[in-house]
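This report refers to the structure that appears directly beneath it.
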Amino acid sequence: MSAHFPGLVIIIPLVAAFLILIGALLDRRLAFPLTALALLGSLLTAIGLLVKVLQTGVVEYHLAGWAPPVGIAYRVDHLNALVLVAVATVAFVNLMGTRELVKGLFDDRLGPFYTLYILLIAGLQGIVVTGDAFNLYVLLEIAALTGYALVGMSEGRAPLSSLNYIFIGTVGASLYLLGVGYLYLVTGTLNMADLAVRLPALYPSKVVVSAFVICLVGLCIKMGFFPMHAWLPNAYSHAPDPVSSLVAPLVTKVMIYVMIRMMLFVFTPAFAFDQMAISEPMVWLAIVAIVAGSFMALSTRRLKRMLTYIIVAEVGYMVGGFWLGNRLGISGAILHIVNDAIMTLCVFLSAAAIISKVGSDAIDDMQGLFKKMPVTMGVFVVAGLSIIGVPPTCGFFSKWYLISGAVAAGQYGFMAALLLSSLINLVLFFRIFEIAYFEPFHDHHGDHGHFVSAVQEAPFEMLVTLVVTAVLLFALGIYAGDIVSQIIDHAIPVGIT
Amino acid sequence: MRSLALITILLVGGLLFYGTPDFPAWGDPESPASLHVSPYYIEHAVEDTAVPNIVTAVLADYRGYDTMFETAVIFSAGIACLFLLRIYRRKSTTTRLYRHNLTGITLRIAKGGKLPEGSAEFERIDSLWVPYDMIIKVTSRLVVPFVQLFALYVIAHGHHSPGGGFQGGVIFGAAIILYAISNDLRRAFRRLNEKAALLASAVGVLLYAGTGLLCLLLGGNFLDYSKLADLLHTDAIMARSHGILIVEIGVGLAVMAVMVSLYYNLSSAGRHDEGL
Amino acid sequence: MESLLANFLAKYNYWVYIGLVMIGMYAMIAKRNLVKKIIGMNIVQTAVILFYVSIGAKKGKTIPIIAHGHEDTGHHAVQALDYISPLPHVLMLTAIVVSVATLGVALALAIKIYRQYGTLEEDEIAMRIEDQ
Amino acid sequence: MDTLISVKPLIAVLVSLLAIPLIGFSRSPNVREGWTFLAAVIKFALVASMLPAVLQGKEIICQVVEVLPGLSLAFRVDAFGMLFALVASFLWIITSAYSIGYMRGLDEHAQTRYFCFFAVSLSAAIGVAFSANLLTMYLFYEMLSLATYPLVTHHQDEEARTSGRKYLLYTVGASIGLVLPAMLVTYHFTGNLDFSPQGVLAGTASRGTVALLLFMFVFGFAKAAVMPLHSWLPAAMVAPTPVSALLHAVAVVKVGVFSIVRVITGIFGTDLLQAFDLSTPLLFVASTTILVGSFIALSQDNLKRMLAFSTIAQLSYIVLGAAMLSPKGVTGGMVHIAMHAFGKITLFFCAGAIFVATGKKNISEMTGIGRRMPVTMTAFFIGALSIIGMPPCGGFLSKWTLVLGALEADQIAILAVLLFSSMLNAAYFMPVVYRAFFCPPEDALFEARVQEAPLFCVVPLTITAVISLVLLVYPQPFMQLAVMSAAKVTGL
């Protein structure tokens, strides 16, 4: 059975999606348990896959029994096994945590919601494991489509921002598709490994160069890298809370994973780092992204919006770390993909809990919350510390790698940007903690429909998941060394020092 | 805004332009793209899958996995529209409007009273006057069955001629949509109601994925139709051919249903009243 | 000069696709009406499709359906050069479906927006948002 | 140098953390403070139990987990760390007793939170003392900054808020902005961050780099309140007095100087600094802080603020001692950690006791208070003497060693600084004592029939006062520990 893990990771949620819809047509209370079951299964499979990879190295899976390049093949190495587990974990935890919220928001359309939810996860996990450049595009689109729908399903400005998200996202995906087309044009294959074999002969060709640039631009758009970030804050901050706590941690990270995958394993490092020689400008862009993101975060007084700007900065972390082009930097970027996924999940979940209880996401409405919802705020503090980068939370260690990568590469500007953003994050979060800690709780009656004086702790399962994520943050921090030495070191090509 | 647009498209255009001179000339049979993988398909499709239409073979077998997700994309689009637009709570209208088809008179029936939904001479309408044309209704009613028949042909004959699940499914869906346009949504619902459409779309994709899963259970890889041989009492090659047919049917079903439910939701903005 | 011109003409539908991409993107950025933007988006996707299909083309060759396929093909071996390459068409079938799906979702959102603001003109929507 | 592996250090660090749930969920105040006491005593017992081994020149090592390749969370107990740990853990017991008296005397709110975070801070302090490498130290350093934030802002009013901000900005800001990069650059050069007697940087970096790193560290550990990064300390005096007493006389600030000395001796190594002769600028910074701090203290009327500034000055004595890079100097600096701790905590206790008994904060209002609260004020007098560095108090010993160190390093300027600042200390302490004992009391004090503060307040301050007397005649084990580690780090 374990031979089929790579396929099952995707197939379980995919098949479940249709069963969920059918089940929900019978009785919509079936939707949640089915989803939970499927995601749990896929999570366990992902973990099994990681273990298998750790034991036996790279795992190949030929879909429809056709060997690549004729057929589509999955190729699971340490890199995507790790990211896969992260994605599956976030998906499952978030599902468990947001059950009540979802019931409250979409009670009449639970079936469609969970169908889209699980299709999104199937798409993202597929992106992570697939070894075929075009298959990746299809999965990209399935993840994107479901994402648009989930983001758009809210009152207020959500539909508008979701539509803009569609425009930008489609352009990004189309550019990626074009890039793949260019590669196909000169190589005649779509399989990543095969491309990596056939490309080096063609490096001089202008087609390959433009393919590289087009792909990179498309992916940068998709991941919300600085100049192309405009869609991200709107889409994520206006989305319904349970959705933004799912989309925010995953989508951008997976896109960054795709960039790393393309750069390292399709265009080889020799091409990406040495021949193209765009590392320097990319790192500088990342610096700008970090600084700009942090300052934009300072400028807003709305909780979710602030967090989305922090994401913009974090994307800068990872892209910059990757383009440092040395082992430390890339390890930092990969480690930060995992850590940031969990951090963002944790912080968005607690934000969702707070907003659902307070009824507004204005920072100034959070007075006295430490008294009212101590557990939630405690977790929020932990997440904040992790984003600031305080040991022993995991945020510190990925930042450690990124900075030491910057030192090794002599990119002191990048180091300075990282430190600056840590300081700004410190200000950002303690601004909130102060309001929640010092200002006496005063309830604004009628305001936002319900009596805020009724504010109390979030529902139980939400608290449990919050605590679990908080513990995860520490665990990832403590075991950062092992994760790097056991997994990430094998994920990076030996050529890179 | 315009200046920004101009700058952007000039940048993009320049980027695309840059690579083009190194392209092989258009239609060059020796271009690298045509020399690596695609010859394999052309030369082996028939002996591998017994399907002369190579596009179908590649679509549903060699790259069948892509196609499954393609179907899933369509499916999710349908679900997305439903999710975004559907309005479930009925707004309780005090009065209902009916039209007497023969005379074209509109009756307003006060609260409580209602005419039988299925009746031939009365039809429910939403606004006081709704366009109404006998000729269109009758002709489209005549056309629809032939369109549907053709759709089935396209699906079934995908192995040997251009066509297949997507095309056939779209045509079939178009037939139903034509019916819905020429009459109104309510009548269309009587033929294929919302739940049925959803069910059909789910079942269609499930047919595809399920076939793949079946292959997996029979010891092959996912979607490896050749493992169906024993079930179908044929050899591996014919099994692939049949497997392709099965999934094409699934695709057709799904696409049809999704097209219809897309139309339902978009045309009535999720209200599922008489629609356009 | 001639060679340049010939070289240019030899790739004319690549130039066409570049033009289409630019037109579509222009519409997406410069137009203020959401439906026009959606149309621009579709133009871009269509341009990509054109590009792919052009890759597969072979001058003067037939569609990739083996003649007499249903009979035993053992007698005459199939020559890859006689048929245009099927793969791009397969890929584009997917791309078409994707663009249809995207279009559907985009329209659904447009309807939602219209429901909310009563207009699809970005400027007016912006004004409505100001008012709230 | 033989080492022995043991988990004792880890337990010693964790014990107060483990006590937190007990403290947090205990039903009645008595139970809660019972737990606090128990934790404090166990902690001290554990630390003390490691003393003999250390005195025999052994080192106790405990590696917890390897968080980064070649870099692990690890503890190592050596003489210097033991010295600091002894002081901190012993004074925690005293302070817990004192805080009971103080907090109940003023019945403060949120006492549970107070005791919890107090415990956290203590384990952080011990963690710094026992950390075997810079990473571990940084970890506990940050932990301390964050854990003390709720204590500093205990009153939750506007003033607390602003000074809390200042506190965080200075301590955490500096540590992220300066220490972290400095640490990473060091790691980049050396590949390990373990504290080793001769330092690890030697022969890896140029003089300029070393100088840069040195000052990034010295200013980065802003808890040491080296000017210009000192102004958080007076601001933090809004905290309840026990907090000021333990944290701002012992734990926090001493952690700052401890870290600086550790880095100077363990990362750079005295020889390296000697070679690049970087001691002079360091000495200059330290002496300026001493003098300016003392001058400002002269002008203060609020007793706690005055103590704060005197603390700023006194801390730089320790930096000064380490910066002399001579055995005696280093010894003096290290011993001064202990001496100043006992002296200054006594003074803070007194200030608190006065506040509890009379509600007075300003020196000008304390006229004649000595007659009402003889015990407290006598203790205050002793503490003052100790800080000034006059016999018969422990402070004399450390200052004397410092002076010897200055002579040894023939830094006459430093000698002058030491003497002059001692005069300044006398100049701002003596008036208080004089006013307290020899001026007629104000009527206000008579009306409010003031007598001694509650027993829980008076006993601790008496104990500390007595100890700072005893330390002159019997400065062990601190002296010996200091001499040992000084000998080790200076290699003489």
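Order of writing sets the chain letters: A, B, C and D. Residues in each chain are counted from 1.
The rule we apply is simple: a residue touches a chain if its C-beta (ideal position, glycine included) is under 8 Å from a C-beta of that chain, and two chains touch if they have at least 3 such contacts.
Remember, predicted model here, so these are calculated numbers, not experimental data.
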Chain located farthest away, centre of subunit C as origin (C-alpha): D
Rounded Å distance between subunit B and subunit D, as computed from the means of their C-alpha atoms: 75
Chain centre separation in whole Å, for subunit C relative to subunit A (CA means): 29
Distance between the centres, which are taken as Cα means, of subunit D and subunit A, whole angstrom: 44
Centroid distance [mean C-alpha coordinates] between subunit D and subunit C, Å: 71
Multi-chain contact sites of subunit A, meaning residues that touch two or more partners: 134, 138, 141, 145, 148-149, 152, 159, 178, 184-185, 190
Touching two or more other chains - residues of subunit B: 16, 21, 23, 31, 33-34, 37-38, 41, 63, 66, 70, 73, 76-77, 80, 84
Residues within subunit C bordering two or more other chains: 25, 55, 87-88, 91, 94, 98, 101-102, 105, 108-109, 112
Chain-chain contacts as defined at top: A-B, A-C, A-D, B-C
Subunit C to subunit A touching residues, read off their complex: 25, 28, 34, 37, 41, 44-45, 48, 51-52, 55, 87-88, 91, 94-95, 98, 101-102, 105-106, 108-110, 112-113, 116, 125, 129
Of subunit A, residues touching subunit B in the complex: 4, 7, 11, 14-15, 17-19, 21-22, 25, 61-66, 69-72, 108-109, 112-113, 115-116, 119, 122-123, 126, 134-135, 138-139, 141-142, 145-146, 148-150, 152-153, 159, 178, 182, 184-190, 198, 205-207, 209-211, 213-214, 217
Complex interface listing, subunit C residues touching subunit B: 7, 10-15, 18, 21-22, 25-26, 29-30, 32, 54-61, 63-70, 73, 77-81, 83, 85-91, 93-94, 97-98, 100-102, 104-105, 107-109, 111-112, 115
In the complex, subunit A residues that touch subunit D: 385, 388-392, 397, 400, 403-404, 407-408, 415, 419, 422-423, 426, 430, 434, 437-438, 477-482, 484-485
For the subunit B and subunit A complex, residues of the former touching the latter: 15-16, 18-19, 21-24, 31-38, 40-41, 61-66, 68-70, 72-73, 75-77, 79-80, 82-84, 86, 88-89, 195, 198-199, 202-203, 205-206, 209-210, 212-213, 216, 220-226
